[in-house]
Amino acid sequence: MKRNLMLLLAAGLALVACSKSDSNAPSGGGDKKPVIAMLPKNKANAYFISCSKGAQDAATALGVDLRFDGPTKTDPSMQTQIVEGWINQGVDAIAVAAEDKASLSTALKKAQSKGIKVLSYDADVLPDARTFFVNQATPEGIANTLVDEAARIMDGKGEFAIITASLVAANQNVWIAKIKERLAKYPNLKLVTDPLPSNDDKDQAQQQAATIMNAHPDLKLIMAICTPGVPGAAEAVKQAGKVGKVHVIGLGLPNENKDYVHAGVTDSVVLWDTGKLGFLTVQVANALVKGTLKAGDKEFKVGDTTYKIDGDNILLGEPTIFNKANIDKYDF
Amino acid sequence: MKKHFREWSVAAALGFILVALAVFAPPFYHPQPLLSLVTYEAPTLIVAVGMATIIICRQIDISVGSLFAVCGVCGALLLDRGWPCLAVLPVSMLLGALMGAINGGLVAGLGLPSIVVTLATMVTWAEALRWLRQGVLVNVGHAQWFGFTQGEGQLTIVITALVILLINAVGLRHLAAGRFIYAVGTNAEAARLAGLRPRLITFLMFVRLGTLTGLAAFLAAVQAPTLQPKPDNGLELKAIAAVVVGGVAISGGRGNLWGVFCGVLLLTVVSPISPALVYLGIPSYWGKAIQGAIILLAVVADGWRARKQKF
Amino acid sequence: MSSPTSSPPGWKAARRSHEFILLAVLMAEWVSFYFAGTHHTSHGTFGFGTADAQADILRHTVEIGLLALVMTPIILTGGIDLSVGSVMCFSEIVFGKLWRDAHMPIPIAATGALLTGAAAGGLNALLITWLRLPPLIVTLGTYSIFRGLAEAVTRGADVFAEFPASFTFLGEKSWLGVPVQVYVFVVVAIAVWLLVHRTTWGRSFRAIGYAPEGTRFAGIPVERRLALAYVLAGTVAALAGLIYASRLNQVTAADGTGYELAAITAVVLGGTSIFGGSGTVHGTLLGWVAVAVLSEGLAYANLPRELGGMLTGVLLILALSASILPKVLSNWRARRHTGTSTSQPPPPAST
Amino acid sequence: MSAVSAPLLALRGIAKSFAGVRALRGVDFDLQVGEVHALLGENGAGKSTLIKVVTGAHQPDGGSIEILGQKIEYLSPALTRHYGISCMYQQPALFPDLTVAENIGLRLEPSKPLRRVDWAGRRTRAADLLKRIGANISPESEVRSLSMPEQQLVEIACALGSGARIVIMDEPTASLTQKEQHLLFAVVRDLRKSGVGVIYISHRLEEIFQLADRVTVLRDGQSVGTNAVDDINENKLIQLMVGREVSHIYPPGESAPGEVVLELRGVGCKASGVRGVTLQVRAGEILGLAGLVGAGRTELGRVLFGLTPADSGEILLNGKPVAVTSPQDAVNRGIAYVPEDRRRHGVILEMPIAHNMTMAIHQRIFPGTWLRFGAERQLALDYIRDLAVKTYGPEAPGGSLSGGNQQKVSLARWLATKPKLLILDEPTQGVDVGAKSEIHKIVRRLAKDGLAVLMISSDLPEVLGMSDRIGVMRGGELVSILPGHSDAHTVMAAALGQRGPGGSA
């Protein structure tokens, strides 16, 4: 009886897998259609969902096969695991947004050694583990915009705190360094504590914000530099009844923050066009595969738009500040 | 006093911390942050109430975290579609009851060990949720705080949790059905010989825990404008820990809900998100270690007492 | 009356067949993923069917495999250890601290980590044997305290990374086409198999699982046997932590979250009874590989990875009910059988 | 009063099988109003199964049940209460974590779930019932904290309070002391007087002659006769039970005791209540330990085996003082203990016979902890042959054997340790007659080979028949040592604390 049951299950499993293989045969068939794999930090994060939409548009336009996969929470080990799977599947290009650059770079070097084109976007890896980094904005640009915005809201003085993704996130760490540099310009702005990690989790960001408000009753502003952090911090401020006393700014998607901005909890969010980031990433990956883009090039053309290349960084453009006045005009 | 020594000692520890906070950190008692904290943990209390009776019944359920996430997400999706809160609540509870019934059916019906059954359903529901939702946030929007103001919403949630606790605590003590649960937990065969139906009671306990989890999930879902589907929320161990700290014996048949209430409060006060630690000058990242120490201390205290009683 | 010459009851045969069936499931998984997840191009073969893919599946799950191995003796004694994931993480943190902050050489830091794991296992053993507490709640307590300590030491945020190549070879390099950590795993697997199946220690684990009091009455030092199982679990958890740290080249306070349940799943799926006594190490290995291939193979077949978890849950329930079902059926059959026999006139009662 | 003609309970042709083994093969039984009907039979004769059929715990495979002439189609524990059937099980079926009042409440109150629990009412009722049977137990104490006889009294209180028309008592006196037995007997007579029918199961024939009106004997799942107590005598009853005229022949003892193997000087253990025991056991001698249940005999055995180490006095083995602090110690020093509870302590039911037999000699047969299956199998085969264990082979799990054969496995485990001192705790309890005499022969042979044997037994004929000398314990103390040929009366008198010849109480 037991035997029958288990064998039945096994047979069923085999059947499912086989039938699936038929329907998928063309995609893995190894014809001329290039396969581009794209790894977000967290595929559940609205930021990356919006990225994936742009990426899919580019893939459709270019006629490439896009595989967009990643962990559903902060999980560097899962990122590595997925990339190693792609290497074994023999994809043509891999584009990654690294949660942790050290652990992912090893896997990416392996990919390069097998002739797979590697690039990074959003969050860089070690420079020798990829050809290009699609940089959504220069770190200075982001840091300066955020600090200037904070100074404006705080009248140039007072305590503030930073909520970040995780302490290993490469791009966030660069931004934090640049934010600290920029603070020299505003001697009365005081960063009260080390950046608080939220693991790209809205609930954790909310908890961190609540804690820091308890610990520092004079806190005037929370700056969240990861997208789930902004609504998380805003919710904490709202629940603590400190709207107006504690301000919230950060890097956030307009859609996630509209309500808070209109309610006056969040003053402004800063972001670039995430869809365009995904779009450009796939374009660059395709160009690398086709060989139309090589290391050392100085610019990259998509249609009639030209993107500047600074060293090995392909620049997306300047970030936008969204506030009460303009946030309703955007939908992403 | 002597009979409920275990419950009293947890209550005393809680009282001690609360007094210490009153003396050294009066701002802890600012109503708003305190209310937020209590609201945030109210769903845990509801789940712990269900978990306590499961454990009294000599079973365990480690799938509640997944059940909680599934019910929460389904509830939030319906709220997003514009369903009224009063219609979503029963759906969420029914869904919880259904999943609880699957656990209960496998445990009571087939006689499988509950820890393995609920381990399996935990993984299954969690991954199903991940697969179907890919972790995407669900917008609850207008339904936050049931559409009330924040203060009203928070009070509603806290009062609901307290009412659930009260009903269950009284029922468990003063209703024959409540005593049947103890009877089954302490000696299922004797319960059968005394004319009770242990399998049915066990089954119903799982259904009940599922229902309570559905309710708790709904009360958690309306606390923010968006809901993050998190199947690995650790709720099961949090609830079990609170129950164990509250003096319920893992071997069944012993403990009461007032102890569990104290256990939940104690673990809440020292949790990493509680302002208490900050006010007492302890960095919040020690929260989990302190919780762990309290759990271990409670466990060791139980063992020590049992050891002394033996001789 | 049962005649003394009746053939051996099917319990042992049934257990052997459980492993056989698991093997069949594994083969089915493997064959289906081979056909669904492998493709051939002009550049060569890619996907599930390549040696690289197989090696990677092992690399990604070897830590869980190690935990499952040492969980087996514990479950055989009728116990459970929920703390292995936390102990694994805490040992890694100790390793990172010793190496980076105390500037100790890698071998000494690694020894420190292993000792930490052993001590953590010792704490479990002490509370379980000395206070006679149920392992479930003891290890629930240590589960939270070691995770909590890991968070406290790292302030919930600190990360140890960029270990030297002399350490990362353990998790990243291969030897003769087989990842280095697999050799470590094989050594541990053989050791645990021998311990459980070929020594008096393993015999005692089973005896304790079946009848702890009866084992004490046979003059077997139950406490010492239990202590070995838990200390071994702690030590090997630390070893798994080192491999994990080396493979990812980083250590955080979130490492190994949920690994305890994955390990328990592998053990139970492998046919070990959660109540103790019966079970095998090779069953555990099969259970572990079946779950590993399922969860990773799906990605190669372009199926959602989450399906792996769901199928694991279903498989677990089926495996469990399968072991119950024959009993239920035979009872039912026996009842029917005697039901017909009573239709004969009852023997007259002598008065 | 209803018509006398219809019996309170009538069973016709009850049959019941477990996994193909026929436990009951068509049993007839009836119980009249105001009657005490004793049920008698050897272990495994089907008494407990029959009881469980009447209480609805087992569903019969065939036959019919009538209560007051009315045919009952289906019984369950919940329904039996409705029909006025109440049962005291051999092992108290109580809830250890709950109070006495609640235990009685759960058994006697209606099983409607949604009603208020009347705590005060429960307490007064429990107090009343306990008072009526003369038990000095607080209704508020937890059952877990009660001794075995006290728990049995709670069971009696339940039976009394149930207001049942049919009360079943399954070996109620097994763990009772003399005083509590008298309480019980009074309750039974009370019940009979008020028209209740009592089914009384016991092994102790004298009780049956004291209490019962009629007696039915079961053998191999069949009723072999129902008689009025006045029409029958003990010998006839035994004959019915065993199926033949028996005078159990004990193997002759040959008194050639050698050196003193074990000597105790004032040994005591506070935790288990053993006090100041002084005795000697010689090689080749069987020292029987008699006494009532709870006299401290098993406890003394456990002290000697290191399970509850002695905390006063001196233990000398072969003349040398030793400290036995753990069972391992005991095994290493050549002390073997065949425990009383065979199924929990003596044999691991799920493990093969071979594994069971080598459990105590791991160090010797498996040097360096490596298992040697060949040697193990050989040893098991040897003992299976020597002790005539009926099984299909060394790989058969212990649970597949009959009680007597399990006992032989348990014995083999300890003989394999080549002990100097063998402690037997109730070696033939629950063992059928054939196996019993085989075990006796084995034990005698072992003694002849120079083993010192300490035999704890509640079976008085066994103690008298087997022992070279008889030690009698009472209240944790060794009260007298009698010669092997003493008569039953002397031993009983010593055990009960009456002054008798040779007694020194």
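The first chain written gets the first letter, and so on, giving A, B, C and D; residue counts start at 1 in each chain.
Criterion: a contact is a pair of C-beta atoms (placed from the backbone, for glycine too) under 8 Å apart; a residue touches a chain by one contact, two chains touch by 3 or more.
Only a predicted model underlies this, so the values are computations on that prediction, with no experimental measurement involved.
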Overlap of the chain A and chain B neighbour lists contains C
Among the chains, which one keeps its Cα centre farthest from the Cα centre of chain D? A
Using CA atoms only, can you tell me which chain is the most central one in this structure? C
Between chain C and chain D, tell me the centre distance in angstrom, where each centre is the average of that chain's C-alpha atoms. 42
Rounded Å distance between chain B and chain C, as computed from the means of their C-alpha atoms: 29
Centroid of chain A to centroid of chain D, CA atoms only: how many Å? 73
Between chain B and chain D, tell me the centre distance in angstrom, where each centre is the average of that chain's C-alpha atoms. 45
Residues of chain B touching 2+ other chains? 130, 232, 272, 284
Can you list every touching chain pair? A-B, A-C, B-C, B-D, C-D
Contacts from chain D onto chain C in the complex sit at residues 13, 15, 17-22, 25-28, 61-63, 222-226, 307, 326-328, 330-331, 337, 339, 344-351, 355, 359-360, 362-363, 366, 369-371, 390-393, 395-397, 400, 413, 417
For the complex, which residues does chain A have touching chain B? 42-44, 46, 49, 72-73, 201-203, 206-207, 210-211, 213-215, 217, 228, 231, 235, 238-241, 256, 259
List of chain C residues in touch with chain A within their complex: 14, 17-18, 21-22, 24-25, 27-29, 31-33, 35-37, 39-44, 46-48, 50, 52-53, 56, 59-60, 156-159, 161-162, 168, 172, 244, 247-250, 252, 254-255, 296, 299-303, 305, 311, 315, 318-319, 322-323, 325-326, 329
Per the touch rule above, chain B residues touching chain D in the complex are 173-180, 182-183, 185-187, 189-197, 249, 252-254, 311
Touch list for chain C against partner chain D, complex: 1-2, 4-9, 11-12, 197-204, 206-207, 210-211, 213-221, 277-278, 330-331, 334-335, 337-339, 341-343, 346-347, 349-351
